[in-house]
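In what comes next, subunit A is part of two complexes: it sits with subunit B in the first one and with subunit C in the second one.
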Partner chain A sequence: MTATATAKEENRPRKWQSIVPLAAGIIALIVLPLSLSSPNFIRLLFLTLLWVTTSIAWNLLGGFAGQVSFGFAVFYGVGAYTTALAINAKVNPFLAFLMGAVAAAIISVFLGLPTFRLRGPYFAIATIGISEAVRVVMTNIGFTGGASGYRILEARAFQQFEHYFTALGLALIALLVSAKIANAKFGLGLKAIRQDEDAAADVGVNPYTNKLAVHAIAAALTGAAGGVFARYAAFIHPNGVFGFQTGVHILLMPVIGGIGTVWGPVVGGFVFGIVEEEIVASFPQIHLLLYGSLLILIIMVEPGGILGGVRELIRRYRGRRKK
Partner chain B sequence: MAGAKNSGPILKVVGLTRYFGGLAAVKDVTFDVPASHIFGIIGPNGAGKTTLFSMIAGALKPSEGKIVALGKETTGEPSHRLVKIGIARTHQIVRPFRALTVLENVQIGVYFGRKRITNAAAARDAALDVLRSVGIDNLAHQSSSILSVGQQKRLEIARALATDPELLLCDEICGGLTHSETGAMLQLLRKIRDAGTTVMYVEHDVKAITSVCDRIMVLNYGRKLAEGTPEEIQRDPAVIEAYLGTRATGGNRDQR
Partner chain C sequence: MTLIDFAGLLVSALLLAGIYSIMSVGMTVIYGVMKIVNLAHAGFMMLGAYFAWELYARFNLDPILAALLAFPVMFVIGGAVHWLLVRRLPHSDEPTLQSLLLMFGLWLLLQNIGYLIWGNTDRSIFTPRTLSVVHVGPIAISTVRLVVFGVAIACLILLEVVINYTWFGRSVRALIQNRYAGLIVGVYEDATAGLTFGLGIGFAGLAGGLLASLYSFDPDFGRAFLIRAFVIIVLGGLDSISGVALGALVLALVETFSIIFVPAGYQLAISFGLLVVVLIVLPGGIASLLAKVRRVA
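Now for the complex of A and B:
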C-alpha cells in the first residue's frame, strides 16, 4: 500500500502544475480581448484558438495512438461545409457546429475502416491520397459552388465576441477531452497501441476499434473547428479548408509543441497561430519551406517539441541545484 | 504434482496444420491441455513449436484444424478476443511498452482483460497485486525500459496475468535466464498453476520443462512425436532418438 500512497502524492503536485497555468490562461484569454477590443487582435486570437483545437484533436490520434495522419483537412472541410449548408438552411449556428462535428466523425469512420488496416508510413501515405482526392472532388461538386467557393448568409449582425468565445469554448472542450483521455483506460490503451500494436492486442486492446474511436473523436473536434471558422469567415472554398496545407498545419502544431502530451499541442497551437500570419506575410513564397525546415529541426534537435525541451531544461536546472 | 487435478481439458487442439508455401511447419497435431496442469511442448529447433504456439495464441491463422478453448471454438480468433475469453500469452522476445512504467504496463492488462475494472485507482491497486505476486512490485514506478532480462520476463507474465486468464501461454519464458533465475521462474509457474491458472509452456530446454511440467508433448518435424508424463517422455525411444540421434555404430555412419 505504501507504493499506492507515493503514487498519489506524485500525482498531486502535477495536478497543481496544470491547474494554475490553465486558470491564468483562461482569465487572460477572457480579459485581454475585452480590454484591448482591437478587432484585428481578437481575429488573430480567434484563429489561434481554432488552430489550438485542431492541434489538440490531431494529437489524440497522432500523439496518443501514434497514427500520423496528413488528412485532417478532410474533417476541417467537412465540418466547415456541413455547418455552412446548415446555417444557410436556417439551422441554429450552434446546432450547425454540432452537425459539422457529427458529419466529420461519420466520415472519419469510413476513412478509418480501410486505412487503419495499414501501419506506420503506409497509413500516413494513404491519408495524403485521401485528403487530396477529397479536395479534388469538392472543387468539382456543383451545389457547393465547386472551386469558386461557398458563401454563408446569416440574417444577423456580425458579433466578433460571439465568434471569439465560441472558439474559446471549443478549445476548452478539446483540452478537457484530451486531458480526460490521457488519464483514462482509453488513453492507456492508445499509448499501448502506439508502442506495439501486437503486444497491445495480446493484453486485450483491440487496436482497430480503439483507433476508429479516437479517430472519430479527433474528427468531431476538427469538424467543429471547421464549422466555427466557416461561420466567421462567411465564405469557404475547397482549396482553403480542404487544402493539403491545412492538413500539414494541423499536424505541424502538436509536433512543434510536444507530441503525445496534453499541453504540447496547446503550446504548439498558440505558437503557430500567432506566428503563422507573420510568416506568411513576410515570406509568401517560401513559408511552406520554412515549416518543412522547422519540422526537420524539431525532430533532429528536440523530438519532444517545445514542451519536451522546457522539461529537459527544468530537469537539468534541478539536477544542477541538487549538486 | 499437488496442483494437478483431474478435470476436463481446458484446451482442445484437433488436426492443427499450418503450411508455409508447400512446407508444413505444423502437420495434423492433436492434443488436449487438462485444466490446472502445466502442459509442456518441446521439440528440437525447427520442430514447429513457435508456429503451433502462434496459432493457439491468435497470432497466426491455421491452414487446417480446430482449436477449442474454455468450451469456445477459437480457431483464427485475434489475440485481443482470446484475452476476453481467458487466454493470455507471454512473448519469447520480451515486448514491454517501453515508454510506460512497469505499473502502467500491467494496468493495461487489468483494464482490457477480464477484470472489468475501469477506475484508475482500483486498476493501479489490482496491477500492484499482480506485480507483488510475480515479485517485482518494488519496480512498479520504474520505466519498463530499464529492467533486466529476468525482470522483463516477469513483467511479461505479470501483464498476461493481469488480464485474469484461465489459460496462460508461455513461450520460452526461461530463454536467456541464468541458472538460478530459471529455477525461480519455474517456481513462479508452479505458483501460477496452484492458484488455478492452467499453463501451456513451450520450451526447447528439456531440463527446464521436465522439471516443471505435469504433462509433455514432443514435436518433431511439425508432427506430434509423443505425449505423456515427464517420466514417460524421458524413457520414450522415439524422443531420445529425436533429441540425441540414433547410435552411431561401426563404420556405417557416413552412409546414413
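Now for the complex of A and C:
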C-alpha cells in the first residue's frame, strides 16, 4: 500500500516541472518572432498556435471525456463565418472572435442534444454525417457566397504581429482551460464518463449534461480559433474551414501527441503544425500517407502518442539506472 | 408528376438500391463478426474502382468482368490486412475507438497510395453501353445500370447461399449471434474472422468496380458512399445481410424521391442528415421498428 503511494507520489509531475518549461516556452514564443521578424516564420508559428488551440479543444471532449468526434470542422467553420460576417458589419474584431466562439458553442449544444444519446463509435459516425451535411449546406447557401467563398474587408494595413499575438493569447487561454479542467471535479467526472458511463451515472456524474458542457467549451475554443484564422486569411470557403480534412486534422493532433493529457495535444499541435506547413509544403504527395501510417503506428504500438512514448522511455531509462 | 414519371423514379430507385446494397454488405459482415466499423471501406472501394479501370484501359476488358475480378484480388488484400493489423486489436463485443481510428488511418493510407499511383485527375469508364438505354414500355432504363444491378443482386444471392449453407457461413452466423457460445462449440475464430474480413474487403472492391462504370472517380472516391453505407447498415440493424437490402431500398427511395422536394445541391445533405436521424431514432434498424409495431398491435 505504502509502496504504491510513494510510486504515485514520484509519478506526479512536480509543480516546477511544468511551470519552468511553460514559462520558457511562452518567452520563446514572444521573443523569437520579434527578434527574427521573418514573415514566413511568424505565419508558421501563427498557424501552428491555431492548430494547438483546436487540438487542446478537441482533447477536452475526445481525450478527457472519451467522445471521439470527426465533426470539429463544424465549429471551426461556424466560428470563421460568424467572425467574418461580424467584421464585415464593422464589429470590433475581438468582439467578433467572441461572437464566433459563442455561436460555435450554441451550435454545439444543438448538435450535442441528439448525438450524445449515442455512445462511443456511434457518436463518432454521427459526427461524420453532421460534418458533411453542414459542409454541403454551406456550399449551397446563398448569403455567404456558397461554394465561391466569403471575403473579409478591413480598411487597414495588415499587421502580422497583432494576428500572431491574438493566436498566442488564445492558445494560452485554451491551455489554461484544459489544465483547470484536468484538475477540477468536472475533469474527474469526464474521466469517469470515459471509463464507464453507467458507473459514472451511478456515482452521481450525469454523463449527458457533462458531455454537453465540455462539448460547448471545446466548440467555443475551436470557434474562436476559426475566427482568428478567418480574419488572418481574409477569405474563407466552405471546403476549407468546413472541410472534412479540417475535422480530420483537429482529431489527428491530440492522437499524435497523446490523448487525454494536458500536454499531449500541445505537443501534437506543434508537431502537426510544423509538419503540415513545412514538410507537407515540400512533399505534398505523401502527407496522407504520413498521417495514416502515424495513426496506425500509434494505435498498434503506443496508444499514449508521442508524450506517452517519451514518458515510457524515461521510465525505462530510470528503471535501468536504479538497477 | 405523371404516373409514368413516378414509375420511372421507382425503377431508378430500385436499381440504385441494388448498387447500394452490394456497397454496404461488406461492412455488415465485418461488423457482425468482428464488431469493427470499417472506415477504410471507402479506400478499398476506391482501389476496386481503379483496378477495374486499369484492366479496362490496358487490356480493354469489359468493366463489369473487371469488377468481378476485383473480388478475389481484394479478398487476398483484405486477408493480408487482417493478418497484419486487425487481428492484433483486442477482441471486444462492442466497436472500440481503437479499431475505428486504426481503420481511419488505413483509409488515409489507401487514399494517399491512390494519389501516388493515379494522381488526382478524375477517371471514368466509358463504353458503348454507358449511353444506351432499354425501353420497357414507356420507361427508359440505362443499360449499364441494369447490368450492374443484375450483377449486384446475383452476388448478394451467392453470399446468402454461402452464409446459409456452408460451414464457413455457419461459423460466421455463430460469431454474429454469440461470440462466446460460438467459441465454446469450436468455431475457429481467427480463421473465420480473417476470411470474413477478406470477404468484406472483396465486396468493397467489387462494389467499387461496379460503381466505376456508373460514376467518375478519383482517390477521394467513396466518402459520400461510405456515409450512405453507414445509413444503410444502421437501417438494416447492423449485422443482418437481408437487413442491408431493406436499408438500401429505403435510402434509395428517400434519395430518389427527395429530388421532387429539395434542390439537387442539397441531395447529399439529406443522406448525411438521415444518418444522424436514423442513428438516434432507429438504433436497432427497421427490424426493431417492425418488432415494436407488432408488439403494439
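The rule we apply is simple: the second predicted complex is superposed on the first by the 303 of 323 C-alpha atoms of A that agree within 3 Å, B and C clash if a C-alpha of one lies under 4 Å from a C-alpha of the other, contacts with A are read in each partner's own complex, and residues count from 1 in each chain.
Going forward, a contact is a pair of C-beta atoms (placed from the backbone, for glycine too) under 8 Å apart; a residue touches a chain by one contact, two chains touch by 3 or more.
In this text the structure is predicted, and so the values were computed from the model without any measurement.
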Subunit B and subunit C placed together on subunit A: clash or fit? fit
Discussion item. Output check: A:88 vs subunit B and subunit C. Expected answer is one of first, second, both, neither. What do you get?
Written reply: neither
Between subunit B and subunit C, whom does A:204 touch in the aligned arrangement: first, second, both, or neither?
first
Between subunit B (first) and subunit C (second), which, if any, makes contact with A:300: first, second, both or neither?
-> second
Winner on subunit A touched-residue count between subunit B and subunit C: chain C
- request: Examine A:184 and indicate which partner it touches, taking first as subunit B and second as subunit C; both and neither are also allowed.
  value: first
- Task: Determine, under the contact definition given at the top, whether A:196 touches first (subunit B), second (subunit C), both, or neither.
- Result: first
Next on the checklist: Output check: A:118 vs subunit B and subunit C. Expected answer is one of first, second, both, neither. What do you get?
Outcome noted: second
Superposed angle subunit B/subunit A/subunit C, CA centres, nearest 10 degrees, is 80
For subunit B against subunit C after superposition, the smallest C-alpha distance in Å amounts to 8
So the subunit A residues that subunit B and subunit C both touch are none
Listed in rising order, subunit A residues that touch subunit B in their complex are 3-4, 6-7, 10, 183-185, 188-189, 191-192, 194-196, 198-207
Counting only contacts in the complex, subunit B reaches subunit A at residues 57, 59, 78-81, 83-84, 88-89, 91, 95-100, 103-104, 107-109, 111-114, 118, 120-121, 123-125, 128, 137, 140-141, 159-160, 162-163
In their shared complex, subunit C is touched by residues of subunit A numbered 66, 68, 114-115, 117-118, 120-122, 124-126, 128-130, 132-133, 136-137, 139-140, 244, 248, 255, 285-289, 291-296, 299-300, 303
Per the touch rule, the subunit C residues reaching subunit A in their complex are 37, 85, 88, 94-98, 100-102, 104-113, 115-116, 223-224, 227, 230-231, 263, 265-266, 268-269, 272-273, 275-276, 279-280, 283
